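Each of the next two complexes has chain A plus one more chain, namely chain B in the first and chain C in the second.
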Partner chain A sequence: MNDMLEAFRLVAAADVVLAILASAIYGLVVGSLPGLSATMATALLVPVTFYLSPIAAVATIITASAMAIFSGDIPGCLLRIPGTPASAAYTDEAYAMTRRGQAEVALGAGLWFSAIGGIVGTLSLVLMAPLLAEMALSFSTYEYFWLAFLGLMCATLVARSSPVKAIASMLLGLLIACIGMENPAGTPRFTFGVTNLLGGIEPIPALVGVFAVSEVMRAMVTPEPPKLPRRKFGSILAGQWALTKKYQWPMWRGNIIGIIIGVLPGAGADMAAWVSYAMSKKFSKEPEKVGTGHPEGLVEAGASNNASLASGWVPALLFGIPGDTITAIAIGVLYMKGLNPGPTLFTERASSMYALYLIFIIANIIMIPLGIVMIRLASLVLRAPRSAVMPAIILLCAVGSYATGANLFSVVMVAAFGVLGFVMERNGYPVAALVLGIIMGSMVEQNFITSLIKSDGDVLPFIERPVSAVLAALTFGALLWPVGAWLLGRVQAGRLRAAAAPR
Partner chain B sequence: MQLSDRVTGAFLVVLGGAAALSGSRLPAVPGQDVGPAAFPMLIGGGLVLCGVLIAFGIGHNFEVTEEAEEDTAPSGGWFRRLAGLRALVPPALLLFYVFAVDLLGFLPTAALIVFTAAMALGARPRLAVPIAILAPALVHLVFYKLLRVPLPAGLLPAPW
Partner chain C sequence: MKSIPRRALLGGAALALAPLARPALIGPALAQPRWPARPVQMLCPWAAGGGTDAVLRIIAILLEKDLGQPFNVVNRTGGSGVVGHAAIANAQPDGYTLGIITAEICMLHWQGLTEVTYRNYTPLGLMNNDPPGIQVNNSAPYRDVKALADAIKASRPGQLKASGTGQGGIWHLALAGWLGAMGLKADHVRWVPSNGAAPAMQDLAAGGLDFTTCSVPEARAMLDAGRARSLAVMAPERLSAFPDIPTLKEAMGVDYQTGAWRGIAGPSNLPAEVKAAMDPALGRVFNSQEYKDFLNARGFGLVYADAAGFARHLEAADKSLGEAMKAAGLAKV
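Moving on, here comes the complex of A and B:
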């Protein structure tokens, strides 16, 4: 109880309140601008969090990411351009509703069910984390190795990309993580004699480069999105309660799937939205309406992507393994602020954990009024010319990465990773897998090598303990899943062809 | 920068091979079988395998082809090729920042970067000039005054 009161005191501090409000507005604006994703919003925030108190730093990340995931729905609904990748799954559906004159309902559904999803996701975090913390205390390097590896494999299951290319991206990330002296022997590895590489590749310049600079590069070669016509909106939340009652079941399904995908290390909001939207398509009672401006999919996927956001913190807080790219950034901030992830966080820093839960709840509640304001101002914000926003982003990339270590070499790294991310994205290599590889590389290697030394080069102890055996099975399941899906597709296609063939 | 799968696959094979080879030459930890060499060799091997699979187009049918969204520039010869190079403007500007900021100072460098980027994105000077003056001043104010990042003053020290 004392911890709870302490948590209230921590969150009510003036700097935390200010941080929540400022990052909420920042997240809403950045998320709504097409091409500026939630991950990018968070990555650009990190240099700022250097200078905040621990709770305020975590609060900015939680609030900004939640807001950005919601406000990504706005341009998707009004312009048919998703503001963040997590909104891409249902952009067509939302736009179809706008064309039918139901823009308010679509935007309101995005807002209302985002908030619900966020709160349900937070509750799952509150319930699950302490339970798993007990279990995590008995984990050894074998379990940690499999868990990290499982996270990497889940990151490669991202929809809409070749699994082989995703695995290649992940391996490339791991290879980049090999650079530096952070290895079992402490010898310089792949540094090519560059002193600045001895410390390894810092994750922040890599993230900023891959997510921000490559977006600006994309903007250089793509046409500017169309301007939004000025329009007046009716009541945003009217009718949402009716939708909640009507689509109660899809909403819960979305929440639960979002939570599960969030907890899986490596898979985040984008994947949650895609899976949930596919589910609602499959199980809808009115399948003929899906795709023509039917709110059901919006309800399910909108709840799902925000639910995954909160539950993505479960592996991050317990094991230091990111649930998605946003928590990957958050882990770095947690370490920086002395809130080192691990099961002991829940016993030794209980008040900080309660404060974190509170911030999640607050962020999802203030999302509703601030979101309504944002929707009303959307035509104004979306009017900001891209040629004014993108140059400012370049400047922030340079200054932000410089601020993390007062070293100009990190600006060079940002540029290099920008080019890498741009080329990879152009050729169908998912960059999220690359980033997770970079971030988790040293963890995977350390646990792998330590385990091998402990077992004297034997592979058997890797799967002897029950938990590690389960994790190993899951990992190989994730690895073989695409093969299975491909074979299934082949069999079905074969059957179709056989059925279509003249008898 | 659309490359064929054969090109990117072959690149991965070469990269993986190089990583495995140079990884295997790393000094071992005395008295241990596994050391810093094991992980790069494993990854290198994996990359070679993936590269081969990609080059032969395996897994390609999982990809969803995005709608063609580029080709803004009028088609034809050198102009299009030049327009494609515009993508390299942002990284080039970042490198310019690295080399120029200590010499020129933050404000002039940043103003040049913002102006160039805005022009490359098709802004009119009427928009690009005010942004090039406002954005660096704002960023400097926040990062130098509030966050105390040591941004170099150079030729034009900020008035605050």
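Moving on, here comes the complex of A and C:
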């Protein structure tokens, strides 16, 4: 109990409160700018944390990353330009809602369910950290391979177009993921002697290109869409309680999937959002509405990616293993501030630990008022003329992609992916599947090759271990289900025909 | 905003900043030689938020205090470090673009991935070195590194598996060098490439590997959690942060040492006055309490060499890493 009071005292310190507020606003702004990701928002904070007290330093990282993940939904919803890879899964859905004049419902759902996901994720961190950590440690490369493979299959589930085109886009993404020398063999592939390609293609420039730049190109060749009827931007939170009740089950499913995927190092919020969105589409009671501006997927995926953000801290805090790029940066800050990850953090420095929990909860609560302000400001974009918005987006894309590495090559990359995305969309190939292929490609390959090296080329361990057997069964089930359903349909149709035929 | 002319705004900002900038400009300018007369750009070949970035940023802050001009860190990433390293080597040699170089500069050219070698730089100071450790799962039967070495010698080639980083990475070369020092072939223990030390340590704890050769600080959380044990470090002396871990020489009489090091350098043909100012300044940075506290907190190894010592270090490291890469079949040239 004393630890708890001490934790309250730590968090109530003036510098911590100020750090939370400032980093919240910073996270909201950076996350909402296309081209600037939540990871970059966190990385840029590191030099600032040099000057802060330990709790304030960690508070800035936690708050800014939670805010940036939520506010990545804003440009996705208003302009069809996702701010972060995690938002890319459901951008089309949110944009469809905006076109139907329900922008506030879509953004409100993003905000409300992000906050709920964040709080549920934090509770899982408080109550089950050791248990979740054990689970994460039982995952070896065999399990990760199946998990990544399942993630890839979401491409066909998420896409609205034909599954064949979705698979083609995903395979192109996999090919792009092959570029560079960051592969298990450490050998340069498809670099054509270009030094800049040695490091491979990062998902962020690809994402910015295929969504933001191609959207601007599309705007240039199509006539201005009919103005959305001018009306007062409705209440943001009004409908959310009804949605919470109506979609309670998807919300909990999103939370749980988010927690499980978040706790597995290397998977992270991006994958959680994809898997959850695919699940909601698969299990929706109104599947015909999904993709046309239906909030169900937003509820589930929005809850999921913020839940994963909190549970991603479990392996980071207990074993110093980063769950994603954000916690990788956070671990560096923890060490720097003497809050060394490890079980002793939970016992000897329990008050600091409780303070971290409190900061998680506070960040997710203040997300709601600050988020509402941010949404209101951002919604002005809908009223601005397109000729003013589009050049600003191009400028942001160029500056953002240059800023990450001070390398002009990433700006060229963004432009190239813009053209690719434009051509793909014109021909009905979903760009989201391409991004998924780029994100998951190296994970699939890395875990497949390392598993084979470890087993001396034997494939049995892929299905021998209990968890990997379950995941393999799931994968094959999902893979063969459409084929089975099709065959069953044919057989039944044949029987019907046979029955109907005159004897 | 609209009513204020832009020039007036900028002028106002300059005025507001002037009192801050003046003492920094005038004070040391009287005591110091002409360099640095304006801000210095410090290039980092690795991304913001990582270990190299953190080390460079603390050095930059302390150099600014010492030399009285801002040292601005710019992350020039891409191409697995090649782009940033080349940018430092190819910069205008006027002393206003310097940077941090890492062990990779003595590895990439052996793989034929860049033309740039350590000879393209003016070394200014070695600021940090992290030697590899040898870590096993806590439930592994090996009591000490001698037991592990005996098990390796008794195993058939490829039977035991080790990891710590990607194929051809610095910890892979550490393994190859250690095996070579024991008179074994570089691939007697099979290397399992991983995406860095953290996933390798996780797989070690999950029972998927026999040992890892990443640095001890990278393994620290797992050691603290009681999931892994560190048997030895490949260093000339024990680490100050981990005094219980013996060196290889102490534990089994094999003297092999390497490490992932970081140092400050500029392009070749740097003016003598820049070198004369930076060499002692980096020494003062290294000896400052702030730098020591910072590196100790992150668990990074405090190893220093002045400009001349860093030059000797670069030459030796290039030779030994090149040999390890040839032995492991990774070198192309």
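The rule we apply is simple: the second predicted complex is superposed on the first by the 275 of 503 C-alpha atoms of A that agree within 3 Å, B and C clash if a C-alpha of one lies under 4 Å from a C-alpha of the other, contacts with A are read in each partner's own complex, and residues count from 1 in each chain.
To be clear about the criterion, contacts are C-beta pairs under 8 Å (C-beta built on N, C-alpha and C of every residue); 3 or more make two chains touch, one makes a residue touch a chain.
This is a predicted model, so every value here is computed, not measured.
Peer 1: In the overlay, answer first, second, both or neither for which of chain B and chain C A:G332 touches.
Peer 2: It touches chain C, and chain B stays clear.
Peer 1: Under the stated touch criterion, which partner chain does A:V213 make contact with: chain B (first), chain C (second), both, or neither?
Peer 2: After superposing on A, A:V213 lies in contact with chain B but is clear of chain C.
Peer 1: Tell me which partner A:L198 touches in the superposition: chain B (first), chain C (second), both or neither.
Peer 2: second
Peer 1: Answer with first, second, both or neither: which of chain B and chain C does A:I449 touch in the superposed model?
Peer 2: Touch status of A:I449: both partners.
Peer 1: According to the stated criteria, A:E288 is in contact with first (chain B), second (chain C), both, or neither; which is it?
Peer 2: A:E288 contacts neither chain B nor chain C.
Peer 1: After superposition on the shared chain, which partner residues are touched by A:M390: those of chain B (first), chain C (second), both, or neither?
Peer 2: Touch partner of A:M390: chain B, not chain C.
Peer 1: Looking at A:F190, would you say it contacts chain B, chain C, both, or neither? Reply first, second, both or neither.
Peer 2: First partner only, chain B.
Peer 1: Is A:E224 in contact with chain B, with chain C, with both, or with neither (first, second, both, neither)?
Peer 2: A:E224 contacts chain B only, not chain C.
Peer 1: With the two structures laid over each other on chain A, which partner does A:V414 touch: chain B (first), chain C (second), both, or neither?
Peer 2: A:V414 sits against chain B, while chain C stays out of touch.
Peer 1: Under the contact rule defined above, give the chain A residues that sit at the interface with chain B and also at the interface with chain C.
Peer 2: Correct list for chain A: 47, 50, 184-185, 187, 406, 449, 453, 456.
Peer 1: Applying the document's contact rule, which stretches of chain B touch chain A when the two form their complex?
Peer 2: Chain B residues touching chain A: 1-3, 5, 8, 12, 15-16, 19, 22-23, 26-29, 32-36, 38-40, 43-44, 46-47, 50-51, 53-54, 58-64, 69-70, 72, 83-84, 86-95, 97-98, 101-102, 110, 113-115, 117-118, 120-123, 127-128, 131-132, 135-136, 139, 143, 146-151.
Peer 1: Which positions of chain A touch chain C when the two form their complex?
Peer 2: Residues in contact with chain C: 39-40, 42-44, 46-47, 50, 136-141, 180-182, 184-188, 195-199, 265-266, 315, 318-322, 328-329, 332, 335-338, 340-344, 404-407, 409-410, 446, 449-450, 453-454, 456.
Peer 1: Please output the residues of chain C touching chain A within their complex, sorted ascending.
Peer 2: My answer: residues 47-51, 53-54, 57-58, 61, 73-83, 86, 113-114, 158, 161, 163, 166-169, 190, 192-195, 198-199, 201-203, 205-209, 220-222, 224-227, 294, 297-299, 330.
Peer 1: Hey, which residues of chain A end up touching chain B in the complex?
Peer 2: Per the stated touch rule, the residues are 47-48, 50-51, 160-165, 167-168, 171-172, 174-175, 178, 183-185, 187, 189-190, 213, 216-224, 385-388, 390-392, 394-399, 402-403, 406, 408, 411-412, 414-416, 418-419, 422-423, 426-429, 445, 448-449, 452-453, 456-457, 482, 486.
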